[in-house]
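Two complexes, one shared chain (chain A), two partners (chain B, chain C).
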Partner chain A sequence: MVDKEKCTGCHQCELWCGTEIASTSKDLARAIQETPQPVPRVYVEGKPFALQCRHCEEAPCLDACPNGTMRRDPETGLVYVNEPTCIACWMCVMVCPFGIINPSSSLKVAVKCDRCKNMGYPICAEVCPTGALSLVERKDYRKKKF
Partner chain B sequence: MEFIQKKTADHAAEYFLPKAADKGTKLAWDRFEGQLPECGFCESGLSCRDCLQGPCISNPFRDANKMGVCGKDKDVLAAQSLLRLVLKGTMATLDQVSDFAEGVASGAVKSKDKAAAKKIVAQIEALLKDGGAALKGAFPKGLLASWEKAGIVPQGVAKDLFKASQKTEGGIAGVDEILSWAFKAALLGAFARKLQGALKQAVFGASAEEFEVNMGVLKGDAPTILLYGRFSPVLKVKIAEAAAKKKVAVMGVCTDPLLGPYAFAPVASYGSQELPLMTGAVDLIVVGDQFVNPSLVAIAEENKVVVVPTETLQGQDPEAFAKAIVDKAAAAFSFRRSRLRDIPEAKETALMGLSASGLAVKKIADALSKKKIKGIALIAGTNNVKFTQDLPFVTLAQEFLKNDILCLCEGDAGVSLAKYGFLNPAQTGKHCSKAVAELLKAAGKKLPAVIDLGLAENGGVTEFLLALSAAAKKPLGELPILACFAEANRSAEAGEALGLVAMGVSTFFWPCLPVTGGPKTLEALSKICKTKFGAAMVVHTDKKMEPLAKAGMILNVFNRVPDPSLKDHPWTDWKK
Partner chain C sequence: MRYIIIGGSAAAISAVESIRSLDRESPIDLFSDEETPLFSRVLLPYYVAEELSKPLLNFRTSDFFEENRVTAHMGVKVTDLNPKTKTIKASDGKQYGYDKLLLATGGRAIIPPIPGIDKEGISTLKTMADAERIYNMKGKRAVVIGAGSIGVEACISLTRRGIKATLLEQLGQVMPTVFDAEAAAIVRKRIEDLGIEVFTGEKAVQFKGDKRVTGVVTDNRDLPCDMVILSVGVRPQTELAVQAGLAIGDMKGIRVDETMMTSVPDIYAAGDVAETHDIARDTWFLNAIWPCAFEQGHYAGLNMAGRKTAYPGSYRRNSIGNFIGIPAISMGVTAAESCAMVSDEDEFREIRVRTKESYKKLVLKNGKIVGAILVGQTQKAGLMSILLRKQVYVADSIPLLMSDRLSFMDLLPILRRNADQFSEPEYKELMDTGL
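After this line comes the complex of A and B, so read on.
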């Protein structure tokens, strides 16, 4: 979840997501030199506000995907892209209401946040210096007073 | 963010860590943990605050903000980050030199060699304005010719620093040009250090001295003043003079320990500078700017230690100021009598401040040419909280000495090594291989395992290296000498490293410099070092590398074993 009051727009989440999740080397200095350029799964836009996948309960991307590449993990409920089967039709990119799915033109796959499902804790929340990004249950987030 | 690593290798420092935790005192290590993860843009040199349209970053993973508002790309940003660091470092050196020259010119201290002191003060004054004419005589012709070819011969503050600083203001200077300015500024610093060393010798005389280091030297029964950081030697001498009359002990942290006839025993190295205050055995501290952590004020207050900043010297007579400091210390001692003085039993004898003139340089050059030793390693730098305090220094020294490599050290690295007996002449045999021990026996009287060349700002290393090059009749680039900044910290060290590379000494530098964000900058840096100076600047990006692995990597270079992790090898004759 994002606390928009705390987001300073420092882009650290983008940088470390690009390094830890999107790069093959997992080392910032080497990731910078990688081609194709690693594509982070989180974006800092406008206000500033860090945007990443909300893993919607009724996810339009799941409905739009023509061949079942976009999947929901039955255990965690997280929505993720099964990259080997992606045909790069970009339907998911078009229907996402938050605009967080990105087409990776070089790899021909849709790229989106899987909330670091293999790491236990999302890297963006781990590195956020102000604590604007945090992992909380949706029901707790609703109760939270900002 | 959690950061798991042993904090220090120094047992005396370790003794105070649980005490600090119990009291809730926050130390440098705690604050570092709070800072994690550090800003990746700044770390890679991809951020810029040079104008007020920013701050800007170059985002390596997005196209929208690849360039700053003014159009600086990642390579220019990275090159400028290095330039900025070097400029700051050179200014730190120049500040010390100008302070010292001003003090000597005012006649506040009696110089041992008046004529020489007067001449050097004039040279420093010229350097600080617009002429560095004396430089031509200070470096060998071969080096000057290569610098002239590269266009980086320093010409004085106005022509070097002012112009170099403008490269961050704007213009279309490319990476190569910006890096050349960084080298120029670094060489100006090297020259300033040389002048400061010469002035120190003219005023206070040459002074290698044996004394004890580490927190065990603190006194339980006498008022104690600690001098923190670099500040005017004139004030330091005045404090020592006044203190001697009143039987007040004066020691130092991150300050020049040798100012003939006085010696200020180093109580701690940079990383643990806050801890001596927790012993209760310090009554007053005099603090300069460089090397001083602002956290000292809070910890001093907690432990009821009087803090005197040297700034207040402005407009004051140093002698009267020194007397006032000593009186304050004596008063603080009686006021603090009831406080427990908890002094750890940790001290080690150290011989520090050796110089080329006190060593048989010819014998060292012979040992190199006859391949009795594999090479010479310069261990330099200051503690950095990113590494276990002192461990990189100690590991490198241990491994090098075992493997027939002569070790030199300077400044704070010397203090760190001294704490573990590497500078104790009685322990030479314990640390060294047979070849190194034999050479040390021949090179001087009762030399310790590692030769300390004094404070970095006194240019002892440059003096030694040039003397060695002259004795071996070879340029430095052809001698097997490597500089290892094992845990660097200050901007002046980045400048010093670049200066060493320009002299032909290949240099390893940790932590990585803020140039890693610009692939072209890294490439240009290695190309300049290789083609213009015949050396390499090894910026290693692996943060988790163990000290032993670092030592192994450097040993591979000494042994001419190709190492895949070192694409830019310092010596080209590996395969021979």
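After this line comes the complex of A and C, so read on.
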């Protein structure tokens, strides 16, 4: 979750999401020179607030994906892109109400937050200097258990 | 409870998933006239292009039927539907009974009545058999008739295989149901840059050749070719519905209510065969697209399994993906003129922004979005999609919506104004930030 009182809009989460998750070098100075340019999966736009995939209960991207590339992890409920099978049709982009799926024309895959499901802890929360980003269960909002 | 599902594509599979989310036990029998299970029709052009092999066309894993305990009758055609006895007859000679039945029979490619249409080397691109036929066709030159999504993708697929393709469209622009003239011009330029010849406003009047097609005669010229692909549209497959006496709509689809039920109790319809309420057009419409089929299958499945859930309605959405090198997405109506049933009180408005690399257009009816086209910059297309779906007043936020820097967070005031329509937890979470 994001604590908007603490978010200063510093874009650190974007920077490190792009570096740690998307780049091949995993080094900020080198990452910014990489081609294709690494893209972050979290967005600080308009307001001081880090917006990433909401992993919707009724996720429209899951309905729109024509070949099962967009998947929901049955244990965690997280929605993720199975990159090897993505055919870059951008149907998920077309329906995502939050606009957080990046149609990466250079990578030819849909890029979105999977809450760092392979890393244990999300990098955006780890690097947030004010502690505005943190990983907590929001049971009060989400009634559905996956 | 015994479920029967007729059809095996998006709507059918989505219905299975929804039924099983509520009912793990009851038997489900699924009938499909396709031999190949679980392949995605919209990916057939990728198969023709040699970009995806057969296993990669699947949209669910091969153990799907087993996992969901579905008895799948592949390659079996349902020949008779009797709502009185609640039974069907199938091409395997057997009779099956049901308590709830779903017609997800989809569409059939239209074969235009042009002289010489039955020659060899002429094919539609709708079924797996079609895709295999086209893939195996020998020759160097192809004419594709009909510049809709499938036609354009077919052309590009053939070009990628080294076949010289010509695209023929009788209306004045490419993708006439998807884009307005301006967006179509951008798309056309991209298609031509790939080496594809495009003729619009031109009609095929005859096919040349003895047994095999050797050319297409149009009202303007002769186009020699070795193969022809027909992509002039699809029609709902309603034979069973008609025979069973179900209500058929003006667009020849099966009429369904909010629960996806047809005019006959316990028979439901979903997908390309179903005529539903179109949110953007505010009338009955056939939206034969993948996301609608999946959504409708979902609602049909829930209702069939006993959870009354109202389908909010359909609206057209198309994305041409990476095929032409730039993303292009379109939804709802493409122009104010294409809105049906315009009353004198309705006020229409179109807003356009064109830059060198991008194009964005919104169509508003009474201050609400009924259509959007985005070319080049498309990441925020889904924001337009949700505003269209929920039909909220946005006329006072036009500069924001047309801005390149639009973020979902900027929409929060609009959402709060319509909080009753944005009750999903995902929206609540963000509205409650107070931003």
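Here is the rule we use: the second predicted complex is superposed on the first by the 139 of 146 C-alpha atoms of A that agree within 3 Å, B and C clash if a C-alpha of one lies under 4 Å from a C-alpha of the other, contacts with A are read in each partner's own complex, and residues count from 1 in each chain.
Here is the rule we use: a residue touches a chain if its C-beta (ideal position, glycine included) is under 8 Å from a C-beta of that chain, and two chains touch if they have at least 3 such contacts.
Just so you know, these numbers come straight off a predicted model, no measurement behind them.
In the overlay built on the shared chain, the residue A:Leu51 is in contact with chain C alone; chain B does not reach it.
In the superposed model, A:Val95 lies in contact with chain C only, and not with chain B. Of the two partners chain B and chain C, more chain A residues are in touch with C. Of the two partner chains, neither chain B nor chain C is touched by A:Val42. Looking at the shared chain after the overlay, A:Cys116 reaches neither chain B nor chain C. Of the two partner chains placed by the overlay, neither chain B nor chain C lies in contact with A:Val81. Applying the stated contact rule after C-alpha superposition, one finds that A:Gly18 touches chain B and leaves chain C untouched. Touch criterion met: A:Ser105 reaches chain C, while chain B stays clear of it. Touching of chain A by both chain B and chain C, each in its own complex, is seen for residues 43.
Listing the residues of chain A that touch chain C in their complex gives 1-2, 4, 43, 45-47, 49, 51, 54, 56-58, 60, 63-68, 85, 87-91, 93-103, 105, 108, 138, 141-143. Listing the residues of chain C that touch chain A in their complex gives 10, 14, 40, 42-43, 46, 51-52, 56-61, 290-291, 294-295, 298, 317-319, 321-322, 325-327, 329, 331, 378-383, 385-386, 405-410, 424-430, 433-435. Taken in their complex, chain A has these residues touching chain B: 10-12, 14-16, 18-19, 22, 27-33, 37-40, 43, 126-127, 129.
Contact residues on chain B toward chain A in their complex (touch as defined above): 1, 37, 39-41, 43-44, 57, 59-62, 65, 74, 512, 516-517, 519, 541-542.
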